[in-house]
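Several structures are given next for inspection.
Okay, so chain A shows up in both of these, paired with chain B first and chain C after.
Right after this comes the complex of A and B.
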């Protein structure tokens, strides 16, 4: 460069005093709006937009009653994904950490969820039920906490042992648990569970946390995600249902989930805490994007790789700037 | 008089961004490339997003499931968002290869980059409030990332009411404000000269 860095900076910063041309920015903007509007209308008419109906508890309990039933038992025994989750739902686990930072634990339990009562007992109690289930519910409510835990754990263990094949579960001291699970399965089959989980006995409700968490504890949602090619381990974060583009801009976020050690839950500490590590990485990279103009190397790449000669081709030609400088 | 806050603000505004700079009818001769169109296209797509979004907000989140007009409006919103990101990413790469932060334009770049991040957050909440299978799936999957950082304690992706309000009110407001600042910053500084532009070159003189 024939002028000093400082002189170049001052020149770039000063108002342009050289050749100008007429340029109608309002006209340009109006044409751009019209162009985008037409493109959006054409795409909308030709392609529409994704709208796959939500799954329901009814659909789950009807199509895979055994899996729903076993999940209900897990909610009672405290072994489901939600019951063992940790913050912000309960204290069953410390949650994820990166080094000494246990942010999940530190943030506390701000959305407490009691899977036994809120997922099973309370919804079931809203129903008109057979004497068998009504008496099971009464037995459960009258029992001590340790008795409840013993029944539910025994039954949950027995189901796990036969790998979910309910007909193969041997008789045992399960108390009212089988009847409760059956009652909840019937309730779900009838279509009453979705609303009961949402309302929790109240009127207005805008928070679907309990529904979504219970839903994800079984295999129904997960299977549907696999079928729709939405699983995070196969770039699903960027996908959309059907033939539509998804959040393609999440490619870099999604990328980390595809490679070791992040894609291996067994690998400690990173794989087991991948969600947290990837959040930190993406936070740092986002900050990096903002700070590109002051990051050595990254900030001078555009000066070295002459893509700017293509962008400002007219300018470089008009001013006779040589192909190879220096 | 010049002690007045009002007068100070007016004088500062007059000096930095007079109307001739805000709405100029000429541009430096080097402003001759398709890449300059992408900022304006991004802005246009954002305008389409806001317009279709206002219609959707008027009718509520369940409308597009049951109405043809609703579905069309939702499609306009959806495709405007897809275009918005395509245009913005081209714009971003263009400005990177032009090193368009030169000459005291760091804040123009930084507000642009913050707009990019804010757009991702806004779009993400949009995907959560579709009230369809996709939003069920995304909210169940995405909660883990936010929970792992303790963010889930106050930003609950499985809470439809909270996500809906953030998506239609708070986040678009933030994105809108950042975008306005970004564009005003561009107008204030003027379009950055080419990387090898120097005072000695012929076009630097009138």
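Right after this comes the complex of A and C.
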């Protein structure tokens, strides 16, 4: 004998009529916390933690000096990723948008970064320099802004034209820019740039924004991300270095970056503003999750997919309600 | 941290790939474990009370 759908729904909605017994939720919580704590401690002792060698400017300049040098020139010319990013670092661009919403622009410059001075000139100025570098630095500081821009842009264009092959760059009116870039490269090779960038803050410095942005302007960080399978376009958001499991719960956030048009930066407007669009999509989905109890159709899904009747099947069977019609 | 398990974990991971879908074996194991725990929670019957056993 089968019971009508309405009768089942009425039974679902009615107060629990089965047996009850005293239940200590604090006890269960305590046991769960203790169990997970012990499990975490044991696994930590056995497996350790991701142990990648830190990325440093020294490592970058030693392993790929030409790329570091070219990136330093970009910082001086204002053509690097950081220099052209827009908010929150500068006003070089309006940043990402979704239709009329320009959140990046509206938030303004809250973490100003001047790549010329903070990435190149200030670190170089902290060093005991050779005569050549000291002279280049003095020439740079004495020049007008338009002159500085002309020198750096000319040299940056020349390097771009020969696709980064420094030995092929023709002679030109580059002013002190080549000497400054060489000085910064030598400084990085010696390890001094890591300390100089970190010391541009308070005594207890925990803000690594500048280092990460500078890294991101060259190929060093990008290559390391590719090697470790951490690129956004290959589900990197979910991954961890080595064989450690990563953030599997970010699968849905990561998913959008794998499919068109989000995975094509050239595609306008969505691909070019993928981060912003995906943020809005995930915001809408998260809001939907929170509002499940009041969304028509979605709120009645448990009636259509009655998993609860499987969990409490003994109770339902005892009251004459089977999951399957006979 | 040293030890063979730690050394094993710090080696490059194996990834399974099919078209645009890519997942590390480690993540796959964690997801399968989570689904297994969920299935157990649904299908394993509640323990019977002493009174019911009688």
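As a convention for this text, the second predicted complex is superposed on the first by the 279 of 326 C-alpha atoms of A that agree within 3 Å, B and C clash if a C-alpha of one lies under 4 Å from a C-alpha of the other, contacts with A are read in each partner's own complex, and residues count from 1 in each chain.
Just so it is clear, a residue touches a chain if its C-beta (ideal position, glycine included) is under 8 Å from a C-beta of that chain, and two chains touch if they have at least 3 such contacts.
These figures come from a predicted structure and were not determined experimentally.
Engineer: In the overlay, answer first, second, both or neither for which of chain B and chain C A:51 touches.
Structural biologist: both
Engineer: Would you sort A:248 into first (chain B), second (chain C), both or neither based on which partner it touches?
Structural biologist: Touch status of A:248: both partners.
Engineer: Looking at the overlay, what does A:39 touch: chain B (first), chain C (second), both, or neither?
Structural biologist: The answer is first: A:39 touches chain B but not chain C.
Engineer: Could you figure out whether chain B or chain C reaches more residues of chain A?
Structural biologist: Larger number of chain A residues touched: B.
Engineer: In the superposed arrangement, which partner chain does A:224 touch: chain B (first), chain C (second), both, or neither?
Structural biologist: In the superposition, A:224 touches chain B alone.
Engineer: Once chain A of both complexes is superposed, is A:170 in touch with chain B (first), chain C (second), both, or neither?
Structural biologist: A:170 contacts neither chain B nor chain C.
Engineer: Going by the contact rule set out at the top, does A:311 touch chain B (first), chain C (second), both, or neither?
Structural biologist: A:311 sits against chain B and chain C alike.
Engineer: Where does A:100 make contact in the superposed view: on chain B (first), on chain C (second), on both, or on neither?
Structural biologist: neither
Engineer: For A:296, is the partner it touches chain B (first), chain C (second), both, or none of the two (neither)?
Structural biologist: A:296 contacts neither chain B nor chain C.
Engineer: Overlap the chain B and chain C contact sets on chain A and report the shared residues.
Structural biologist: Residues common to the chain A contacts of chain C and of chain B are 19, 21, 47-52, 228, 240-241, 244-245, 248, 307, 311, 313-314, listed in rising order.
Engineer: Which part of chain A faces chain B closely enough to touch in the complex?
Structural biologist: So the residues of chain A touching chain B come out as 1-3, 7-9, 11-26, 28-29, 32-33, 35-37, 39-41, 43-45, 47-55, 85, 87-88, 95-96, 103-104, 106-108, 110-111, 206-209, 212-213, 215-216, 221, 224-225, 228, 230, 232, 236-237, 240-241, 244-245, 247-250, 273, 275-276, 278-279, 286, 289-294, 299, 302-303, 305, 307-308, 311-316, 318-319, 321, 325.
Engineer: Touching chain A in the complex: which residues of chain B?
Structural biologist: Residues 23-33, 35, 37, 40-41, 43-45, 47-48, 52, 64-65, 71-72, 74-80, 82-83, 85, 89, 94, 96-99, 101-104, 106, 109-110, 113-114, 116-117, 120, 123-124, 127, 130-137, 139-141, 143-145, 147-154, 156, 158-162, 164, 189-206 of chain B touch chain A in their complex.
Engineer: Tell me, which parts of chain C touch chain A in their complex?
Structural biologist: 1-3, 5-6, 8-15, 20-27, 29-31, 34, 41-43, 45-46, 49
Engineer: Could you list, by residue number, the parts of chain A that touch chain C in their complex?
Structural biologist: Checking each residue of chain A against chain C gives 19, 21, 46-52, 228-229, 234-235, 238-246, 248, 258-259, 307, 310-311, 313-314.
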